[in-house]
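Below, chain A partners chain B and then partners chain C, in two separate complexes.
Here is the complex of A and B:
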């Protein structure tokens, strides 16, 4: 069984809480342990920061997919239709990458629709329910 | 970081090499601590927690496990910082009910981890405490000082996520300080250098340092505070 939840948010730091709550809630329902959930919450912050860190406008699109014992999260900055304010997607700083690397199982990034996109996945360590 | 040095350290446990490895990576601990700053805990405490975790990571790192040291160390440092926030309670404004639940959560996580031999799940925590799973999730979100209300309070309109989360290119002026940290340390009076070294490189507690150096623990605490202030000042001035 696979569940997908999508969020679409304006670029605002105070809305990041919604991304964390969504990730934590889905992971809790899937019986991830509390340490894994805390790691996931931190990783979501870093994932968003690494994609939309320097942006002042645009839409953050988040997709959370839970597939059995794995949660995957995509974060994309959609700037199509935004006035050209000279924004260039920045390279994520290496600390973000290190953090994500340490907190999840897999991750990668690409340009997406031009604003930048990053993806991560984390498996539940426990096999049994 | 050449792997050979880790292999050498794994066999020799040479003190001097250990110091080198710690010193070369202390910047990672500091940057991670910085990521958790402005979340209700003094920055100096976070740097201290992070530095001690880094020392542990250096001591425990197994070069044969196929993981980069920085990845391994990041996990260790983050784990210790999370634990610090959990133990420390918080400085977050939240309804009393949630605050109490959060504190209880900390104890229950420890107790259940012991009992189960692994970290508990949210349903297990909810069962044990006798509240709903949603309440547990609410407490985690509200209570974890490291993502405290100060982070999530509505920001100024033109503030970016990077500004808010204290990423490296925002807030405190951060350059690659690895190269400047050593001279900053060297600029300290000898006694302070020794105390800082015992605290952050050798990982001794303040009381242990006190008995080793032959001064009071209060004095150690003052010296550490002065040293850190001085290092920060030196770094800020670009020395």
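Here is the complex of A and C:
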């Protein structure tokens, strides 16, 4: 069975916490252990930072999918219809890349609809009996 | 989940101790940067940043700490960190910053390391 939760947020730094709360809640419900939940909280934060970069406007669209024992999270910055404020998608910094690589099983990043898109997945280590 | 973010400061034996509580992310890291900038500009020799009350930090927080560390070191000082929570220490281990910062498990130990 698969569960999907979608979150749509205006680009605002104080709202990033909602992405972390959603990831942690889904992971807890899926019986991820405490360390894995903390890993996911940080990973989704870094995922969003890697996409949003220095954007000052737009909409951050997140999709959290729980499929069996794996959580996949997509984060996309939608800037369609936004005024041209000189925004250029920024490359994530080295610290952010190192964190994501260490915390999740898979991740990738592409241009999406022009604002940038990134994806990660993490599998629960605990085996169901 | 406690979303309170707070910074308190005290001076012990002439050393500023900046204590942070809550989550340090892209929304709150600028406040920490502003606090540390005051000590950088004042030319403080050693600054202790107490992260014992921190429940979360990300690469934005690391960037603030690394930037301040570099500026303080350039002026002959040092920025020391106090971390006890394994999940916070893990962030510094993954990024290899445990090799950059002097990290202590109590404020007292950081202050004694003079």
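The criterion applied here is as follows: the second predicted complex is superposed on the first by the 128 of 129 C-alpha atoms of A that agree within 3 Å, B and C clash if a C-alpha of one lies under 4 Å from a C-alpha of the other, contacts with A are read in each partner's own complex, and residues count from 1 in each chain.
Here is the rule we go by: contacts are C-beta pairs under 8 Å (C-beta built on N, C-alpha and C of every residue); 3 or more make two chains touch, one makes a residue touch a chain.
Not measured: the values here are computed from a predicted model.
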Room on chain A for both chain B and chain C (clash or fit): clash
Of chain C and chain B, partner touching more chain A residues: B
Partner chain in contact with A:11 - chain B first, chain C second, else both or neither: first
Contacts of A:20 with chain B and chain C, given as first, second, both or neither: both
Chain B versus chain C as contact partner of A:55, first or second or both or neither: first
Partner chain(s) touched by A:102 [first = chain B, second = chain C, both, neither]: both
Touching partner for A:36 - first (chain B), second (chain C), both, neither: first
Which of chain B and chain C A:93 touches, first, second, both or neither: both
Chain C collision site on chain B, chosen from 8-16, 26-34 or 116-124, when both complexes are overlaid on chain A: 26-34
Contacts on chain A seen with chain B and repeated with chain C across the two complexes: 13-14, 16-17, 20-21, 35, 38, 41-42, 45, 49, 93, 95-96, 98-99, 102-103
Contact set on chain A toward chain B in their complex: 11-14, 16-17, 20-21, 24-25, 28, 31-39, 41-42, 45, 48-49, 52-56, 93, 95-96, 98-99, 101-103, 126
Parts of chain C lying in touch with chain A, wherever the complex brings them together: 1, 3, 23, 25-27, 56, 58-60, 62-63, 66, 87, 91, 94-96
Chain A to chain C touching residues, read off their complex: 13-14, 16-17, 20-21, 35, 38, 41-42, 45-46, 49, 93, 95-96, 98-99, 102-103
Touching residues on chain B, where the partner in the complex is chain A: 28, 31-32, 35, 70-72, 74-75, 78, 82, 109, 118-123, 125, 133, 136-137, 140-141, 144, 147, 151-155, 158-165, 167-169
